[in-house]
Every structure is written in C-alpha cells, then in structure tokens.
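Next, two complexes with chain A in common: one pairs it with chain B, the other with chain C.
Presenting the complex of A and B:
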C-alpha cells in the first residue's frame, strides 16, 4: 500500500452526510449509508500525489478518535447540515477542538450539505426570509427554507482563523472555503474536493520541505564540546 | 455477508495430553517458537511440546504435539506469561511478579539466577534498538505505580536500561524500537522512552473493557478502541488504515497478514486489513488466549490449544473468484504482493486479473472487464476463442490451462440469449479494434485481424471496409470463406485486392454490377470499379475489363484511359492502341481524343483532324438541313469551332472539303482564316451571315501576334466589303442590305478608329455621308493624326538638337592645330613619323596608325588614352 502524501479529514455531527459526500465524489453515486463505525478512508490520486480522505464517525461514541484522525491533516472539512442549525453549532463546540492535532498550516473548509432538502434559490433569497434563521420548528414542510445561511458558515470560518491565530491574509478567503453542497444531486461536490486538492498540494510540498531531511547535512555538524579535560591537560 | 475461508481451526494439544484428569488445572499462557510449544498453567507448571505439522492436499494441515517436558516451578502462583528468546535459548517466565530465565529445552533456570523482579506484564521488542544479537530487549509494567522499565536480557544476566514514568497507571504495553504503545487507565498513548515524548492516541474506558495493545508490524499497533473498534495507529500517532469493526467484548487479537483475528467469548472473527471487511467467523467457545507467533496463530481455551491454519493465499483468491467476488480477490492479491516472490507474483496476479476480467465479462460489465484484460495483459485470443469459428483454422492458439473461466463458448456464457451474445460480440469488436494496433498482439496479428473481420462481416458493420482498405493481416482463405458466407462480396473484393489478387477482385465486382451476385454495399460500384481500374497498375487487367466498362457507359468507362496518371499512360497505353480499342464506342472515342488533344496537348495532326471530323460528323448529324444558321449553336459545334480556331495541326483543306457544302458558314470562315483567305472568310461572315460582330472578332482573332500593318489590312478588307458594290445581294433586297452594310461600316469605323488609315478611308467613303455620322471616327482619326504629327515634330526637334551637339564637338576639335614633323616620335614605338598619316589621342599624344592599331590588339602596350 502506498503511503499517502497528504491527508484530508471530514468532520461533523452524525447524519450531516460526510460519508455520502465522499461516496458521491469517489464513486459518483448516492446511496443510503449506514452510520459510519469508527472511520474509513479513500485514497485519491491527484496529479502525482496520493491524498487520503478520511471519513470519520459523527457519533459521540467515536468522538475520542477524532484527534488521532486529524493528526497531521493538511485539510479539514467541517461539515454541517443546512437544515439543522445545531449541526453548525456542534462544529464549533465539539469538532473544532479535534483539529488541534492537525498540521499547523492546515486548511479549513466549511460545508453545508443537503441543500437539496431546502427550497431552491434559498441562498439567493435570504433577505426575504427575514433575519431570524433560527429553528423553524417542526412545522416546516419537506422542503422548507434553508435553516442555516451561508453567511453563518463564513462567520464561523473567520472565527476559526481567529482561534487558530491565523492571519486572514495568509489563508484562503472565507467565500472560497465555505461551500453549500448536495451529496444527493452532486451539487458543488466536485468543486469542494477539487478546490481543496489544489490547495492541499502546496501544503504537502511545504510539509515535505519542513519534514525530516532526507539527506544528512554535514555542514551543520557541530563538534561536541569537551566538558571534561583530557587526562594530560 | 458472504464469507471467505481464510483459516481452518485444528487442534494442537488435547486436554488429555496436557493435564489428564486434573480438573482444576487451567491454561494461563502459551508460547510457540518454531516447533516448540510451551504452555503455562495456573498450577505453576510449564509444559513443553514438539509440534509436527502434516500438510493436507486441501491446503490445510494437521498438527500432532508430543510432550517433551513438564516442569513445576515450585510456587503456588499461576504462570502468567511465557516468552521465548530463541537466540539466547532462553524462555522468559513471568510468575509471581518476577521474570525468570529458564533454558528452552531443559526448562532449568539459569545458574546465575538472573531475574527481573517486580513485573506485572512484559513485552519483547521485536524491533530492537541495540544491534546486539545476543540480547533481547524486554519492557515491563512495573509493580511500582505508573512505571515502565526497559531491560536488556542476556543469556544469564539482565540489565535495566531505562525507567520511565507514565501519566497514568499502564495496563498493557507493546514496544517497537524506542516507542512504547501503552494502554493507560483512560487512554492509549505512544511514548518514546528515549526522548520521553508522549503522544495521545485516543481515550477509552478501562473499567468497561480490557485494553488490547498489539504490535502488528514495523511501527504499527493494533488497539481495542471504543465501540468494538480495532484501531490501527503508527508510532507517529496517526492511523493509516481504517479501523476494523469487532464485537464489543473482544479479549484478544492477532495478526496474520492480511488478516486481523479477534477473539470474543463465542467467536473468532477474521477481518481483512486491506478492505476492513469481516471475512470469516469461526465459532469458538470459552477461548481466552489468541496470539500469533511468527505467523502462526494460536488460540486456547483454559483446557486445550488450537491452531488456526491459514489457507494459501492463492487458494483463497481462487475461492473468491469462484464465488465471483472480484474486488475482494483483487484486493487480496494486491495485498499478497509482499508475501510472494516477485516473479511468481506477477504471473499469478496477471492470471487473477484475467480471471476477474472474464467474470465481469460474463456479467456483461464490459468497462471493468476491459480494464482487467488490459492490465492483466490478456492474450485476446482467449476472448476470441469464446466465439466459435472466429479464430482462423490455422491459428496455433490453445486456451490457457488451467482455464481462465468456465465457459466453453459464448453460447454457454449467455445461456443462449442472442441479445447478450450480440453485446459480447460488440464489446469484443471494440476491444479488438483497440488492441490490434498495440505491440502486444504483434505475434498473432493474423488471428486478431481475421477475427475482427469476421465479427464485422457478421454484424454488417461498416468498419469492415475500413479494416480492409487499411493495413491488415486478415488471413485470405479463412476470411474469404467467411465473407462469402455472409454475402459481403464487395468486401471480399477488397480482401482480394489487399492480397494482390486484383483480377479476382475486379471479376467479383463486375459480377455484382452485372447483377449476377447480390451485394448492395455500394450503389456506385460501377464508378468504383472504373476508378479502381483507372488507378490499377495492372495493364492487362485494365484492357481486359475496358470493354465491359465502356459498354456500361462510354463516358465513364473511357476514364480508365483518360484519368490514368500521365507517366503510366506513356508506357502502358499507346494512344493508337487505345484508339483502336475505342473504335466501337464513338462517344468514348471523342472523349479520348479530347483528352489527347486538349489535356495532354499532343501535337499530332492525325488526332486533331480526327477529332475535328468527329465533331463535324456530330454537328452534321444534328443539323441535317443546310439552313442551320448560327441560331442553334450546339455544344459540339462550339467545341468544333474552338478546336478549329485553336489548333493549327488539322488538315485544313481536307476539312474544307467537308465543310464547304455542309452549310456551316462559321466553320468555313474559320477554315478560310486558317488558309489566310481573309477576304473570303470575311465575306462569308459579313455578307453571307450578316454577323458583323463575328467579322470584327475574326479580324481581331487573325491578327493576334501579327504586325499592325497586317491587322490594318484585315480591317480595311472588311471595310471594303461593307462599302464595295457587293455583287451578291439580289436586286430586291439591295437597298435594305446596302443600308445595313453602310451602318456596319460606320460602326466599324467608329469603333475601331485606330485600326484604319484615315486618308485611305476618306477616299473610299461615299460623299453623301455626313460628318456627324462619322464623328467618332473622324475625331479619333484627327486626334490620331495630330498626335502622330506632334510626335514627329518632337522627334524632329530632338534629332536636330542632337545633331547640333555633335557639330559643336566637331568644331571644338577642329579649332586647334598642331604640327607634325619628322622630328617628332611616335609615343608607342618611339620612331619618327615618315608619312603624313597619324593618330592623335585627346591627350595630344601622336602615334602611328599602325601603332594605334597594334596597341588595341596588344593590351600590354602603353596606353596613351582613349582614342577619339
């Protein structure tokens, strides 16, 4: 098995569609998935690089594994369900902490999935919806207005950069890193992954450059200092 | 889930052999090293067995264990763990918190009494840090709280090398190099005992379940995680494999590549590390130990020891293929790469790919099949041979043995479903198209091309023709029979042609055109054949079928002669021979002569005359009455005229004979023109035909390339005809005719003023004509005359002035005088002048005339200057 050159991890609450997103991208299909146990990953060749994409379990039970999965990740995809505002809240409260172990220049993408379940064009028509995108209660029909606006994801993205003490100027713009997707229709799925792959490649290169040198650097060798004097001194 | 059979469970040590009828003796631990099997019991005993393995043909094996030794350690404590260090011939025995070293065979403690005290659990470092082969690195969980100790164990001594404290109490340990993988009370960690750096892996709850820490390979561990997960973690603290999903109450785990085995209270489960799928479940009750020793997996209850014998990978793969589980078979095969020698692996893997390809093929999953065939470098003949009769009879191919699939032929594969069979054939067609150009099929190109031809022919595919007209290796006999069977006669002709049997090809096509055999492939087959003959280098063939082609259509048929490349016409097709052949076909004859005269521009009188005559005959046939004037000028007539005008080679007099009384005045005029009988020609045109523009054109035509005087003469002749008292017009029409002629004369003069000598014209003109009438002519004539006069005056002036200049020069030279005496010497020969004749150069030098002349012929002589 080839060792992957870089890692991308999908995080998010259970049932937001992490496995479906990955399945849609890798296998070009949408099927009912069962709750992921533990985690799974795909290996994707992108240009000359092999990128592993980890699908994690959203269930609380497997929460402890997240840190290990994120260790050394070049990018983290934080996924929420546009129809469940709580899933966005969870990202900040539960999942952001797991990314501490990711690589220092890890990229973040915030993805609102399941846009197919909300009204068409809701993202454009936000203003008509009023300024209270809070829980609409159980009265919503099968296709109600979207519950989470893209602006909220953008706000979260900016907050993440602050938490990580990253300069907004050094990181990709929020608008570039917040996606609204549908694993069911395939909407924006390729865009999401391929945008990320393109961004991850330079990170991989940088990590390689910083990684343990492959050759021994003789010029930097410092002769050990003599702490004890020789017998004849 | 469909299961794989990866392991068989066989008994190794029966209960009777171990403890006989002692009910309370239980197995506590097991160690296996080569053929040595050690068992530690709760009654402080160690048993040593020798294991003998007998392989069975089915790929499995049986074991017989013979007891070698039984030693009681003299305590009342159970033997907790046994570890063999074969390099030292020592067995490490953990009993009563103390690790003692005993001899592997005698089970006697080492005389030095070396031991490690205060150990709760131990782990051997299988990836040792020190390079010392006579030393084993052992890592223990100490009885001291939160302490791990690392020891070097030699033949008869032990040495502590490191003690590290852990953040929590460790419960289980595994070691690889400097890295300890520890199960603490609440979490798993990786601890580098050399640097002290710790890396958290993930939390778990030790109160709920027993931790498992198992080294599975270089720098990688297997851990029991939450929710019954088997988690993989590297020493870097990351996971490179997805977890396997066990039951919640797993108590032991072992690895036997590519499988992870887990033991719970009722089952042994087998998962693949390659795809994380559960592959096999073996019911096993009351098991409490599951361990692997150098690739041998041992499972034990408290009473008996069993061995899990892995089936050979190849057998497993074949079983998977047999149950059509292609993906799994491929994953397993790929995973097996590092366990099988490279050469053997490649052959095996290719075969598996091919088999997998056939499985997909049989399920009509052609995309997958193609990819597998391609990567497995399948000999396409395997595929071709599925379709009966596709391989040529001469092919040396035999199917691979053992067979790659279970199908005798396509019919069996599709169970007689014609639609499916057609799909398979279509796939085969596209696949052959793709591979036929590749290097791989080079050695059996004939088989592939012939098969492809047969498929095309059978399906009535248009690519059949493309195949045959491009480079191909179709075998003639086989293909011909097949094409005939499917009535693809046109294609058969192409095949003959490709095999240099043009005669057969053309004969076949001729038969199709004649309707003797039926093949509607080409509606324009006749044209095709003509074109084919036109470009055929086989002259005999062309001659042979020329009559046929001409009989079908003279105009098209004659192309076999006229459209040939020129160089070939010259050596194979003598025009005279062709003309002889074409005698029966007048239209073709005309075409051919046209080709000779016009296209090839052959300058032979015979051809020109003959062509002109043929045209003439055609014209005469069409205008039987002599009355045919220029009213209806047929195409042929136009051609005739063009020929008569353009060509200078035909026999004019001979033609004149034919034309004279044939009522073809225009043609006659042209012939007169050719004979320089201009007056007659113009008379014919102007007076007989009254076609004045034609008369004018005639003047222009005949005077092309002649001097102006000749041209002028022609125009004057015409004018004279117009003005002269024509004897021809009958008296009745005289008035109107002469008026018409007068108008023509005026027009002629006015239009071509420059062509006439005005003075001469004026004398001819009747005095009654008004000046207005001739105004353009006169203006032109006057202008012309004035212009001529002025030009002459200018020329005269210039000549006069030139003359003056010369005169001036002459005067200048004459003005000075000099003396010539006999004392003066010639500048060339330096002798005196004896005669009065001399030459003087502009510089004043005087020389003899003969010296001046010789100086001109002899350039080496001194050069006094330019001679005047």
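Presenting the complex of A and C:
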C-alpha cells in the first residue's frame, strides 16, 4: 500500500460545504452534494508527496470517529459558512476538541465558505468566470450581506493558537491562514489547498526527522535473533 | 429481535389479522377522515393482531433506473442543504406538497409515514415539512396516549379506505397512514424497516439515551441527511416491490464459477477485525463472506443485509473511500460496526467491509486493494460491468434481465423466492425478478403492480385463512400467486391469458428458474473467512463484537 506522507482533515459543521470544497479542488467541479456519511478519504499527490485528505461528516453522530480522522494530522481545515455565524461558533465549541489527537505541530486553517452567496463575495468571486456559474445557480437565494467578517475568523485563529499553547511567532500568520472561499465559483479554493500543501511539506519532513511515528509498523518487524540456545535448539 | 420488550411490537403470530381476509379492491373515494377520533365511531376497529408475515427486511432495493428520475433529482439535493431548501426540493421531487395538512396535494398522497418522539416532536415525514405537521403529530400522540391510559396499545385504525398503523419502538412512535391495499401487517413491516434504518445510523441505545436525558430533544438534528435514505426505502416499496415484501435480498445474476471465485477472493482478503465483506452492484448482492470469529453461527439477517445494500447505494458513497459507523439492528441494535465503503474501479461495483475496529480504515483500504487486484485477475470487473449493462433500460446501474429471457409469452413480470436452497438454515433468503418493462415503466403502473403483489401476498399469508394458490383476474392483468414448500411465486400475466395458458406459463417459468438457479441465486451459503479457530478464541472475539456503544 502507498502510505500517505501527510494528512489533512476537513472539519466543520454540517452543510458548510466541506465536501464541495474538496470536490472543487480535486475534480474541478461543483455539484449539489449529498450529505457525507462518516468520512471520505482522498489521496492527492503534491510534488513527491502523497497527501491524504479526510473529508468528514459534519453531522454530530459521526463525531465518535473524530479521533481517528485527526490522529497525526499535519493540518486541519476548519470550515464555516460565512452566511451562518453559528457555524463559526460551532468550530470552537464542537470541532476544536476533535483536533486533540492531531500532531503537535499541526497547522490550522480557517475557511469561510459560500462567499458567493453574499454580496461582497459576488463582486470578488470572479476568478473562474469560465465555469459559468449562471445556469447552476438557478435557485440561489437572494444575496445579503456577509454574516461573518474575516476578522472574526482571524480572532478565532489566534484563540486556537493560544488554546494549543503555540507561539504565534512560530506559526504562520493569521492573515495567511484564514481564507474566504466559494466552492461554487472556485474562488480561493486552489489558493487554500495549495498554500496548505506547501506548508504541510515541511511538517512532514520534520515528522520524518523525528523518527518513526507512534504507530507500530508490524510489516517491518523482524523476529529477534536467538542468541541463547534454548533447550531444544 | 427488533421488538425488544416493547408492548406495541408485533409478537409474531400471536393473533389473527382480520384485515388480511379482505382481499380485493376496496379502493374508493378519497378518505377525508384521516385523523378522526377513535372513540366516536364503529366503522373502525382497533386491530388486535400480530404480524403474521415474519421477518421481512427493510426493502431497500434501489428502484430500477427508469423509475429513478424523480428520486434522482431529490437525491442530488442535500436534504440538509439548507433549511429553506429542504422543503423546495421535496416539492420539486414529488409534485408539490407544502406539508400543511389542509393542503390538497399533501392530503392526496397514497401513503404517509411519520416518525415522532414520545413527546410528540416531529422527526420525519415522508411528505411535506415536519414543522407544518406538528399539530397533526400532536393528534397522533393523543391517540396513542389515550389508548395507553386504558392500559392498552393502539395498533391500527381502519377508517373507510384508510388504514392507520401505529408502532411504538422505544421512545419513537411510527405511524403509517395509507390508502394503498397493503395490509396492516405489511405496513407494520414497513414501519419496522423505517425504524431499523434510523437505528442503523444512531443505534437503539443512543436513541434511548438521548430521550432519557432530554425528552423533547429534536432528533432531526441527528438524522439530518438520513431522510433521503428513508424516502428511498419507502419509494422502493412502491416502485420495485420484492425485498421488503418477501423478506429476501436480490442477487446479481452471475455464473456460478465466477460467483464462487469472487466469494473465495473475499474470504481470502481479510483484515484485523473484519466481520463481513460484501460485493454489491446497484443495491443487489454479488456475494458476501462472513468472518467466523465474529459472526460465528449467527446468520446474517436478510433485513440487515438489505439495509446495508440500500445504504451503500446511496449517492453519498459515489466517490472516494468512505468510513462510517453503522449499526445492524437485527444483529445488535445497540452497537456499531465500522464500515469501509468504496466503489471499485469507478464501476458501479461496490465493496463493503464491515469491521469492529474504529481505527482500521487503512487496513480495510489495503484489503480493498487486494480485492481489486484479485478481481482484475479474475476478469470479474468486465463481467460485472456486463451484468450491469445487460438490461435494456437506459443508463442502467442495477443489473437485471428481461422477462423475455424466460421465453414464456404472456408473462410480464414475476417474483420468485426459492425455499429449497441447500443448507437452508444458514442461507440468506433470496429472490429474483426481472426488470419492470412496459407496460410497467410508468410510475403509476408500477405502483399498481406493487399494489397487486401486496394484495396477493397479504391474502396468501393471511393468518386466519392462508391460501396456497391464487388466480386473480384483475382489470389490466391476470395474476397467479403460488406458495409451496419449495418456492413462493408471484406472476403477472397478460390479461387475455386463459387459466390453462397461465398454468403453462408458470410451468415454463419454473423450468426456466430451475435451469438458471445457479446463476440467479447464491446456492451455497456464504462460507467463513477463517477456519474454525480454537473455541476459546472465537467466543472471546464474539463476546465483545459489535458492542461498541458510540453515539
């Protein structure tokens, strides 16, 4: 089996668009998705590394699996919906706790998705106009002002660093790690994933340098050589 | 069993079902009195019956492709996509219903299914939005508690052409309000299947725990996203009858050597904690292998398997590899298994690996690669691909065959469930049926055929006066249903067939099934993955298996 070199986990309340973000990046398309059951696993090659991405279900009942998703994660993408302030609150209340099992130098990115549904997003989300968001957006609700400002995400990011007792100086700047995206138009999606991949690579290298991971690799286990002769040797 | 200690649950065969003795059409006018008070009239009787038909599993076969168009559009939408969408999309799917009980469209639905909490809090409704239904649900709770206060349990109300069936399962109350000819026993099986579906995502224990802690908990929070699975389950009863009605699973027609080779392959590819591996295409079973240590001497319940088959054919599993907890309600309603689900080679072929270790994802993924490689060696992918595209139906994803293959003119459709499979006690109940072709390609026609099958089934299995053979001349077709010690058969024939002609057709069909049985059914029970281990080890394993009580 190809062992993934690093691991990234998408977390966030249900219906903020985690699967859509991933689909936009991996498959270059936006589809109305169905709600994710449990977690889904994708493998992405980035330079010479294989990075696994876990797309998790935001639904509460799957949180039991959280520790497995996050174990040894090199980066966690915390996702909220810019039109639903509660989804940002949930990140702190419900999802941050799941990241306990991530690796100690785990990176955090905070992503406000669905900017296409708010006014500001509409004006700036023109990067991939070629995708003609027109026909698909037939049932788009009327656009209102964005409900969550980027500063709030930045504040959360700083709070997380404090909570994890990480030094702000050692970690990437908040401005660098907070994104506003639209899976529908593709706005900032590539930037998000590629920035993160680039940052994850050094983490992977550092992890490797630190020696073998906590998990026991039974495939390389060699039986200890017998030095003393037993009674029947 | 699913009934638990619940007073409302049908104790199999404890009483007779009077309803089952009324056979054909009582369908008439539109019933207005759906929510009438049970105390004020004689024409309804509180039913005192147990379900006679035993162990019917949730019918979860995905509908045949043609019929799928309406449901497809719905499935593409995330039910939880956004609160305001939830209602629109069900409207676009089924032709508009606001969920307001005074709404004509909503009232005209043939069958409603509701799930509510003991406190009367709405959890699920097949049609309309649950918010608009809170008063209606209030009436239902009132009915239930009214009868309860007299130390009794309400089971069903017959009101003109409507049947109301109530089923209490722990803190959940399930209600079916139906104008279909389904018997109360059949409706109860359907409600049990709905309950099993809910249990499979949450487990019975955690549902009980949630309501014990907070009686007015809004369970929709936890079920968000599962409503579509419930919709699909209920739709399949009308669009593609069989699985739930017969309590059996449908197998992909496949040559015996290939099926056995695949079975061997599944048995060979094991992973730590792996309990069950299943290969399926389009909601139909290819083959399965059980791990002896985990499921020793415990036959996999067809209802559980059917539930899994329905579950993995959900669009949520269309891409990537997925890892999710799932509960098998008949096996153990209180514990989770962990399921690895992947489509092999982007084909409709789906591999499901069920294990007991919540952290075994990567082991399962390795196991999947082994299966995939093995299948390439066998050339099975191509074969299964052919099986899937064999049907005439456009964009077929479910493998099936045409009724023409039987070579019996006049035969339009049939359901056949063998009862004489070798090693029967360890075998999965199975059935076969051809795809639904014209004149049953339209939704209404399918519904009509499904109704006819349900009627015949109810009549055959009537607990008061069971029959072995029914020859029924209906308006647009002739039907013959026959149950023997070797099989259970429902045939739909052209309306012009004579009785002698019908017998000839059925003889021909039986001969054909006999000839094809190796291909149509899994004739030999799924073998175990590992040879019988030392008994101490196996009991040790089995004792804690499936007992994870995550929430």
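Keep this in mind: the second predicted complex is superposed on the first by the 190 of 233 C-alpha atoms of A that agree within 3 Å, B and C clash if a C-alpha of one lies under 4 Å from a C-alpha of the other, contacts with A are read in each partner's own complex, and residues count from 1 in each chain.
Everything that follows uses one rule, which is that a residue touches a chain if its C-beta (ideal position, glycine included) is under 8 Å from a C-beta of that chain, and two chains touch if they have at least 3 such contacts.
Bear in mind the structure is a predicted one, so any value in this text is a computation, not a measurement.
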Query = Does the superposition put A:79 against chain B (first), chain C (second), both, or neither?
reply = neither
Task = Answer with first, second, both or neither: which of chain B and chain C does A:33 touch in the superposed model?
result = second
Key: If touched residues of chain A are counted for chain B and for chain C, the larger one   = C
Inquiry  = Applying the document's definition of touch, where does A:68 land relative to chain B and chain C: first, second, both, or neither?
reply    = both
Inquiry  = According to the stated criteria, A:14 is in contact with first (chain B), second (chain C), both, or neither; which is it?
reply    = second
Ask   = What is the contact status of A:41 with respect to chain B (first) and chain C (second): first, second, both, or neither?
value = both
Remark   = Residues on chain A touched by both chain B and chain C 1, 37-41, 59, 61-62, 64-65, 68, 71
Query = What residues on chain B touch chain A, complex-wise?
reply = 187, 200-204, 225-227, 229, 231, 233, 236-240, 242-243, 245, 274, 276, 335
Ask   = chain B touches which residues of chain A in the complex?
value = 1, 3-4, 7, 37-41, 52, 54, 59, 61-62, 64-65, 67-69, 71-72, 101
Ask   = If you look only at chain A, which of its residues touch chain C in the complex?
value = 1, 14-15, 23, 31-42, 55, 57, 59-62, 64-65, 68, 71, 139, 141
Touch list for chain C against partner chain A, complex = 75-82, 84-85, 88, 201-202, 206, 221-222, 224-225, 228, 311, 314-317, 319-325, 336, 339, 358-359, 361-362, 365-366, 369, 550-551
